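Written below as structure tokens is the structure these notes are about.
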Amino acid sequence: MFFLQQLINGITQGSMYALMAVGYSIILGVVGLVTFVHGEVIVYGAFAGFYALLISRGNAFLALLSGFAASWVLGTVIDRICYRPFREAARETALIATIGLSITLRSSAQVIFGTQQKFMPDMFGNRFLAFGEVRITYTQLFVLSTVMFLCILLQQLVTNTKFGVALRAVSMDKKAAALLGVDVNRAVLLGNALACGLGGISGVLLGMYYNAIHPLMGAAMAMKAFTSTVFGGLGSIAGAAIGGFLLGIFENFGVALLSSGYRDIFTFLILVIVLLLRPSGIMGRKGAEL
Amino acid sequence: MGRFWEKFPWFMLVLFLVSVPLWLRNEYFLRVAVVVVLYALLASSLNVINGYSGLFNIGHAAFYCVGAYTAAILSKKLGLSFWLLLPLSGTASALLSFFLGFPTLRLRGIYFAMTTLGFSEIIRLVVLNWTSLTRGPMGIPGIPFPSFLGWQLRSNVHFYYVILAITALMVFLTGRVLNSRVGRAWIAIREDEMAAKAMGIEVFKYRLLNLAFGAFWAGVAGCFYAFFASFISPDSFTLDEGFSILAMVILGGQGTLVGPILGATLLTVLSEIFRGIAQYRLIIFGIAILLTVHLRPQGIAGNVVFSWRRDNLLSSKRAPLLAEGADYHVTPS
Amino acid sequence: MLPLLETRSLCRYFGGLKALEKVDIQVFDGEIFGIIGPNGAGKTTLFNVITGFLEATSGSVLFKGKQITNLAPERIARLGIARTFQNIRLFKHMTVLENVRVGFHIHTKTSILDAFLRSRTFWDDETKTMQRSLDILRRVGLVEQMFYTASSLPYGMQRKLEIARALASDPVLLLLDEPAAGMNPKETADLVEFIRKLNKEGLTIMIIEHDMKVIMNVCHRIAVLNYGVKICEGTPTDVQRNQEVIEAYLGRGRVSFGKSQEGALESLPL
């Protein structure tokens, strides 16, 4: 059935958006800022994965790892330049810093990686499982399972480890956390790096799924992450994930019915509609946006 | 006399700018001069939004784009004159700003900021894909030269004086607005939204007005650009364009009248000097923002005496309430 | 007599936290009404709900007999209710004079077009706001600092400026949130005088305070909140003698009965 197929496509796509949104949401919570630089983090991770694939001749896990590592490192740099120095300053200052850095990274990406798309080969040779007329490609399975695995891992990390508790404390009240002995700077640094690492992985997955990555795709990806987070409700990581899945599903249906040139326009429309009707998102409390 | 001395720096500046074509004879440099003033206009229009009501717009290219395309399309399809199209393009951009502002301005500033990012790209995509109207990636060529009282304006010098007049008008009007109830409301909103509300200021409406005012002038700039370059395409209105303008505002100093002009001059001239390494241009702009934020967050012109935020009542004939010579001004943020 | 401001069964919950629970208050025209209570009792929340900054979970707020529950703060300001904030919220980068001028916003009508053209309306508004701002600054005693940037003022003057700005909107009801916080005894005494003067000129005032000297000396009636509930309402004397109030502040088992009870609240080091 057409419907089921689109649903599967949408969920797979949504899973990548969910991963982006989760990272974005973690930064929102732990650092306390809306960051403009997450899109570029995704791009750099994607390209790291691309080169890893090239070098390792198709080792998917190495690609994911490289993406994670590259974005992790980038995350620490971001913390040093944009977050840490402005912890006590006006909010706007850090925001402008992230914009400045995002502009720098974006243009640097063009210089470093060239201005054209890079093609990533299909990891699993186009193989798929068929259930009647519905197909799930091996790539789709890979993407879905990777995201699932990471979500479970993250869940465990946040609820069952000391680090996770520190992260949650810092996202609720930095001063209180500091008073209780949490090294806030370190927690923010690691939390941000982790979130960026997740972003990097999502970038690699994007490349695997679409078979192409582009150095300027950061802005579009940032919008996906932001829209997913708003959709699901700012302040809720689970919400961000759900928002990502839903965004993927809606987008896919929209694109299937119209045309793929309008994909990003669709995302934007969803954002506007959510903002008009229920700005607190699906999981957010009413009034949480004010 | 006091009034004259307050405005003296501006008079000097205008005098200087008007004199430029008299001693700058090189056509290339004249063209650069036109571009500098054009970006001064764009940066000033963005500064109205970013510097005066607590908003943060990173997608200013969208308004610039709409202005340019409105002018190009109406000029080619209906043959409307340049002078009519200036306000028309501005109005088109202002109207568009309502679409952006309406869902987002009631909410926290970050929603607006992120949405402007998407908005900028969407406008470009729409222009790119709506080929029946805009000829898509091929752009619109052959926009005619404007004429003025029978003269055709085609040289750089002509365009220079036109853009200078437009920009001067904009700065002048902006100064007037800032020194009025409206401007005070804007600044109050910027300084403390809650307190502004408690004073009865309708924050949402004033933000919409502020956004529309800034968008209007970006649209006007777009119209000028269309006629100056005679050809426009979506490539001129990418996100990067909006980022460049933002960098100019931040480097020059948000919330001051002269800051964006300084920033525009500096960065435009820099771009021209480093023309050969054009692909590094935006990298440099990004770094410029980072440096500004770390070293001098108020920008170059922050806290400079030049500010127009002086209550003109002091030297006004109509309300001689205070002793002449008392000097004060708001320290811009 | 119809109260000027009235809250009926006003509730405000934050999830499970009952910040305000069925609060009934009546403030009559011309009186100075105090709101006291331990920290976290819900006093500022009450102000925030009255002035529209927070939504009421249930219950209503009436001003001059009309419903104003959940109206936008801008509209409530236009109705004649002005306020100051617990954490001073001045327009930091504006001068003292300009801060006050902003207060006149609802009484002026220059539009953006008027500003462009410097029309008659513009000049009328500018003159009016200028003159009246100076008046208010004289009343408050900030004329000398007229051109100072608001953030450069010492704390006590900043508080005065906030009050001046609130007065600029020519309110019928003024809500002061801890106006004496951070003031030394002389400043506090001046403040008490000033509040009395404003009240004599016809202004109804509601005041949240921790400084008992101020409250007991200046208020006609007081309401006491504790954990979001109104536990007492009455004259200063009534409140000082009320057992529940004393316990709320001092806890059980530490209260001494007898003569010293009258001075119990006044001597609290709050």
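The chains carry the letters A, B and C, assigned in the order they are written, with residues numbered from 1 in each.
The rule is short, and it goes like this: a residue touches a chain if its C-beta (ideal position, glycine included) is under 8 Å from a C-beta of that chain, and two chains touch if they have at least 3 such contacts.
For reference, the UniProt names are A, B = Branched-chain amino acid ABC transporter permease; C = ABC transporter ATP-binding protein.
Just so it is clear, the structure is predicted and the values come from calculations on it, not from any experiment.
Chain contact topology: the protein chains form an open path, each linked only to its neighbours in the line. Comparing mean CA positions across the assembly, the chain most remote from subunit C is A. Between the Cα centres of subunit A and subunit C there is a gap of 46 Å. Per-chain Cα centroids separate subunit A from subunit B by 34 Å. Centre-to-centre separation between subunit B and subunit C, using Cα means, comes to 41 Å. Of all residues in subunit B, none touches 2 or more other chains.
Those residues of subunit C whose C-beta lies close enough to touch subunit B in the complex are 51, 53, 72-75, 77-78, 82-83, 85, 89-95, 97-98, 101-103, 105-106, 108-112, 114-116, 118, 122-123, 125-127, 129-131, 134, 146-147, 149, 165-166, 168-169. Residue ranges of subunit A in contact with subunit B, taken from their complex: 34, 36, 81, 85-86, 89, 92-93, 95-97, 99-108, 110-111, 219-220, 222-223, 226-227, 230, 261-262, 264-265, 267-268, 271-272, 275-276, 279, 289-290.
Residue ranges of subunit B in contact with subunit C, taken from their complex: 173, 176-177, 179-185, 187-188, 191-192, 194-203, 209, 213, 311, 313, 318-319, 321, 326, 328, 330-333. On the subunit B side of its complex with subunit A, the touching residues are 56, 58, 102-104, 107-108, 110-111, 113-115, 117-119, 121-122, 125-126, 129, 239-240, 243, 246-247, 250, 279-283, 285-290, 292-294, 297.
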